[in-house]
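Take a look at the following structure, please.
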Amino acid sequence: MSPLAVDVAVVHALDEDLGRAGDVTSVATIPRGTPGRAWIVARRAGVIAGLPFAEAAFRKLAPDIEITSHIRDGAKVDAKAAVMMISGDARAMLSAERVALNFVGHLSGIATATAAFVQRIAHTKARICCTRKTTPGLRALQKYAVRCGGGFNHRFGLDDAMLIKDNHSAVACGIRAVLERAKASAGHLVKIEIEVENLDQLEEVLETGIADAVTLDNMDTAAMRKAVAMVAGHLMIEASGGITLETCAAIAETGVDYLSSGAITHSAPNLDVGLDTEI
Amino acid sequence: MSPLAVDVAVVHALDEDLGRAGDVTSVATIPRGTPGRAWIVARRAGVIAGLPFAEAAFRKLAPDIEITSHIRDGAKVDAKAAVMMISGDARAMLSAERVALNFVGHLSGIATATAAFVQRIAHTKARICCTRKTTPGLRALQKYAVRCGGGFNHRFGLDDAMLIKDNHSAVACGIRAVLERAKASAGHLVKIEIEVENLDQLEEVLETGIADAVTLDNMDTAAMRKAVAMVAGHLMIEASGGITLETCAAIAETGVDYLSSGAITHSAPNLDVGLDTEI
Amino acid sequence: MSPLAVDVAVVHALDEDLGRAGDVTSVATIPRGTPGRAWIVARRAGVIAGLPFAEAAFRKLAPDIEITSHIRDGAKVDAKAAVMMISGDARAMLSAERVALNFVGHLSGIATATAAFVQRIAHTKARICCTRKTTPGLRALQKYAVRCGGGFNHRFGLDDAMLIKDNHSAVACGIRAVLERAKASAGHLVKIEIEVENLDQLEEVLETGIADAVTLDNMDTAAMRKAVAMVAGHLMIEASGGITLETCAAIAETGVDYLSSGAITHSAPNLDVGLDTEI
Amino acid sequence: MSPLAVDVAVVHALDEDLGRAGDVTSVATIPRGTPGRAWIVARRAGVIAGLPFAEAAFRKLAPDIEITSHIRDGAKVDAKAAVMMISGDARAMLSAERVALNFVGHLSGIATATAAFVQRIAHTKARICCTRKTTPGLRALQKYAVRCGGGFNHRFGLDDAMLIKDNHSAVACGIRAVLERAKASAGHLVKIEIEVENLDQLEEVLETGIADAVTLDNMDTAAMRKAVAMVAGHLMIEASGGITLETCAAIAETGVDYLSSGAITHSAPNLDVGLDTEI
Amino acid sequence: MSPLAVDVAVVHALDEDLGRAGDVTSVATIPRGTPGRAWIVARRAGVIAGLPFAEAAFRKLAPDIEITSHIRDGAKVDAKAAVMMISGDARAMLSAERVALNFVGHLSGIATATAAFVQRIAHTKARICCTRKTTPGLRALQKYAVRCGGGFNHRFGLDDAMLIKDNHSAVACGIRAVLERAKASAGHLVKIEIEVENLDQLEEVLETGIADAVTLDNMDTAAMRKAVAMVAGHLMIEASGGITLETCAAIAETGVDYLSSGAITHSAPNLDVGLDTEI
Amino acid sequence: MSPLAVDVAVVHALDEDLGRAGDVTSVATIPRGTPGRAWIVARRAGVIAGLPFAEAAFRKLAPDIEITSHIRDGAKVDAKAAVMMISGDARAMLSAERVALNFVGHLSGIATATAAFVQRIAHTKARICCTRKTTPGLRALQKYAVRCGGGFNHRFGLDDAMLIKDNHSAVACGIRAVLERAKASAGHLVKIEIEVENLDQLEEVLETGIADAVTLDNMDTAAMRKAVAMVAGHLMIEASGGITLETCAAIAETGVDYLSSGAITHSAPNLDVGLDTEI
């Protein structure tokens, strides 16, 4: 993540939490200048992501707060591991606490979910990737968390590659026609991927020689295996559709290149993280 | 949700998905002016939330698209239920599809998770409420989804009530002192809630006569029952800490007023929704 | 005020004043790098508010300018008191001058007006509070100035408490009905206040036992006195309607808890402040 | 005001008032779709300004609300005059009420204060103008209100004319030098005004033949009269410094062209306006 | 361009031109409600781009203005051709005139410059493409204009493909190493292009089998011809470096796939367009 | 340029280039922390403008990068001159490179084009000025570049002076009428310029004694000479209409005060600048 993007996200989240009147509780109860120390602690084992966001949240409210961290985003930690130490103004610390934890909890949740998939298919050459099924407004952050978990990113938006789905093919009257339209329009740095539902469609795709990648949509592993053989390395192959931790190894073993999962971004539970304080 | 807030969220999400070049696939493959029809369909049973966001997403890209819906946010639907019909320009429909579904899937997921808790405690007077453990940038939307699911909202931010936690009490040297500081600072429309970890602390709170509400933090149900008796209706009581679908009924039966859950906002899985098209 | 909110307001005000071409006079007439010194001086006695805004205005245009101030927002000063010393780049100083003074003059005006009320009722337990009758876009700043003047804040917006007015009661067919609707909808951290115009209405409110606070709208002091007796400490009482410096003491002596005034925010004259320079 | 500027100001003010959760009282107590009618009424006589802002506030929350108004900004109205009729959704009407009234009350206050000055000097050729002493963030709106009241606008910002003050002259070592620097830098559409404190300085200004206008800073009327004679129509003359309703006529009668007042923008009390409803 | 992107650009440009006080000339001299008619006319022959921006500019200031256009962006027009007819409020028309013309003049200039290149190489299979050498803040608009002129788009930003330059290769210690790093990091929809300065480097690139495209940086046509033969259709080939209208045909005839030009975006002169009015 | 304006423009341009995923190539290929050094070098002789933008671009991505420059905006440089040295994090340097160069190339192009005109008329008293024919969104920057090249600025927008064109005069029924309307509306710091197409119109303008400046629209030099004689120093005279490097000297020699050119902003080719690196 660029520091600019971290900044925008953190300012937005602080605005959301501080509202119009700020942290009225801490202002009322904690004398100005009270010092404190705190640790962000993982309550469960997982893969950490979001520390630059947490750091920015504390710094925005107290520019000279001291922050120490011995780990980086992408690190695996055990339960009870302290992942960041914060020392300085106690009011600012408590005011920024929830925002900092919300970032780390959410992004570490995604990284942890991704890493679980990655581990299950580590014996194959396949990679896990995300989709555009992300939480509105958080796509770049969630895709960053996927990378922290060892996954790869699919398209960031409708504009950074062509992905031809059944609707596009239907309107264009068939696979050859739709691929030719795509080729006529795409520049030389735009990849073209097309979704197929069966091997006949795959055959058509291969005949055109136009696509860079193909999505096997909801096929069984037997069909995938045949698809891999048919493609023979000429295209990247993505398996898609309801892939779970339970089914991913078998799918990866068919020889496909990528397994895409919406669940790792839109349905990963938070990693439980908390703030232990000494004030 | 005010129409202004819906607008801001949808424009932001469309920008995120359309990027700098827009939906290059649909522009390349679907002729300008091709008509189409589509239905947002719930793939699983659940409580729907987010339809105004979906509607706004389609209208932003095609102002005169036709949208029909026989249900409102908050409705329970069965699997395979069509929740919205869209008719008009096919390109705009496909370009807005993912944004519309991401809103409905995410918010319906929260509404559905909330409703599951609500149902388990329907035989008691207790209410389910959310927390500030929300996804950064999406708090108002997620809290709206909680209401759609039959839940109630806790604070929207650090500024709209005082919630005194153990750190605040510690710095202020005790419960009476911290409550007096809070009272001295709070206006007449600011409620004061204080977190207690045991019944001795609760006793202290009750003696001051200052608080409006108390959070029982991670107490067992036996202690909660005693707390309810001690409070005797003089304060609102919120039970907090790791409440699950399995444990909520027993907690609600102790007589507490509110059960708060971070999981319904930060860890609810998406409700699976899709777009069925006729183009 | 959080440093984030100060920043946003100051950048906006500087943009407004610098326009598209900047301070063309100072650029044309003052050589780059000319040093200078200046003092913000109160031309009249009053309560100061807005110094962090003035400081931010100077720093935005000259990050390493030197600023010294021996007083804090909320301080009472005499006429001719210097409230801030600025030393550094003369161009930046003159370019930021008007923005800095506009903040301090406006906010100190509100603080001073508020303090005048506070002083008049200091012999009672009553508090002065503001309303939502604020200048568009400046609510949080004006409410901060009210606090600097010793006043308390009413609602920051339509969303942070319920305030039931005659229209709401009329639509809902009466006081009991409207309060029950409010209670059914409000979470445990949302206070409910209701406006009454006579003692019969107050009686109804008391019978429901639902409200947290009541607004006595344009009652005379005799009625207020009776209202105080009827309420007997069970609700917070706010007196409202055309309260002036002349009438406030008598109203406060009736025993009400709060006197609310729109005039302290929307009609307080600026405190006259100027910049004395040595360039 | 351009419709774009009205829009930005109104959306900002609505956001400020609706906050994160919206008008919780009206949502709780007024059934969806309840119709209503209302009139913005001037409680006191004055000059109205701000109606397009009020209209926009209602329309933003209810696009098809019906609005009728027989007067335009700039009209003089008597106490109890209805200035706008609104008919439609009652919830939206009450939710937008305060924002609409805050705009009309604030801007009409400025227009009314300006008009009072204008009337006092109507027998002379002098004009009233505002200054840059405005409320931060509201300059364009306040200057619009000045025009509604019959006044004229001074600079909108530091960039749209040169106004040379004593500091600029001091740094540049005198009036001739500073005017020559200004002339060397200013394009042909940038006016140059210079502030003088006595007639000797005025003499120097006249000798250079460079300035377009001169500010007589805190001079007495005798000196002003002499200044008018010296200038003999070659420059525009602005009288400045503590001008009040009481002193303005005598100043205008000296023959100066403009009287500038900061008080009409920064210290004008709101015009009292309210909403009468039939719901 | 999505309607959202058009909207943002036009509002920004109108704000820039209307400033704080709006079109003071037209307000002073043209009575409210004066009708008028106008035509955007090309003063020289060229390819038109930007009409949706012009239309939006007029509509923003007068929502019910009538606009008729018989041509679309991308059309070639002769000198004196009317490209859009506008009918309605004369004030709004004049206030929006310059913004509308600035968009059409700038974007048509780029489209026309692009089309000139396209025409010169029409007898080959090569395509013209743009670069990231665009005017800050206008990239998406300029790339749209390139498409209107018949060109293709290179990367929209640093994030939508990998383009390995000599610096990247140098740090990574060589072409094979840098391509392997790229491959390890890129997902399946990210193309990899690498810049080479001579045929030895190209040979290395071909040996790795990793890249999707290669940029021939400032090679002569003899070298390009050899490169085309070496590549034999396995990679897309982009010729880059100081390509002009005079040299492009010879380059295209070497068999390369793309010719990239920064000049078509950063140095295309405006197409001269004006507004003919009947008011 | 104020530092605030530089900041806004640079952040916007970086966002545009970094997109949602950032500089994927440099992240993949350059190890975190690799140091480097680079020089912005002018490939051709010209007048430099935009260095503060370049500096800000590098600093935004690497706050502690070291930047040295011995020249300032407005300096004339020879081909191959190094204009800025950057030393620090290599990744940040490469990620900011294109944005930095795009600013310097574009603004230096305008400064260089302006300086060419300035040089041609240096033997006269005439000045070169720009117009409102600027690239949408970049007006303040382009006008700054004009100043760097030795030119002067015309209006920044429709709001900072009155410029009466033929349409305004036509609607107002003549030159006297339109000037009187303008005078009635304009404050004392708003200049009034009027466009004339022949000497009869100029005569009318002179008779009114109202205008501050006049634009001679597309007149030949003989007519200009007569106009200069007629005006006799009572108005500023601007010559306008298709002025080129070839024609400007003859026009300036007629005695007009200003020559305005749209081409110096909307059609100036970039100055060729590049980044030489040592990484």
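Observations on the structure shown:
Labels for the chains are A, B, C, D, E and F, by order of writing; each one numbers its residues from 1.
Note that in this section a contact is a pair of C-beta atoms (placed from the backbone, for glycine too) under 8 Å apart; a residue touches a chain by one contact, two chains touch by 3 or more.
Because the structure is predicted, anything quoted here is derived from the model rather than measured.
Chains that count as touching both subunit B and subunit D, per the definition above, are A, C, E, F.
The rotation that brings the Cα trace of subunit A onto that of subunit F spans 120°, given to the nearest 5. Of all the chains, the one whose CA centre sits at the greatest distance from that of subunit C is E. Counting every residue number used by either copy at the subunit A-subunit E contact, over half are found in both chains.
Rounded to whole angstrom units, the spacing between the C-alpha centres of subunit C and subunit E is 51. Mean C-alpha positions place subunit B and subunit C at a centre distance of 32 Å.
As a whole-number value, the distance joining the C-alpha centres of subunit C and subunit D reads 22 Å. Residue positions of subunit C touching 2 or more other chains, listed in rising order: 16, 18-22, 95, 139-140, 153, 156-157, 159-161, 163, 190. The touch graph of these protein chains is complete, with an edge between every pair of chains.
Subunit E meets subunit A in the complex at residues 127, 129, 152-156, 159-161, 163, 187-191, 193, 212-213, 236, 238, 257-258.
Chain contact summary for the complex, subunit D toward subunit B: residues 11, 14-15, 18-22, 60-61, 95. Those residues of subunit A that touch subunit B in the complex are listed here as 9, 12-13, 16-31, 34, 53, 90, 94-95, 98-99, 101-103, 105-106, 109, 132-141, 156-165, 167-172, 178, 181-182, 184-186, 190, 262-263, 266-267, 269-270, 277, 279.
Within the complex formed with subunit D, the residues of subunit A that make contact are 16, 19-20. On the subunit F side of its complex with subunit C, the touching residues are 1-5, 139-140, 143, 153, 156-157.
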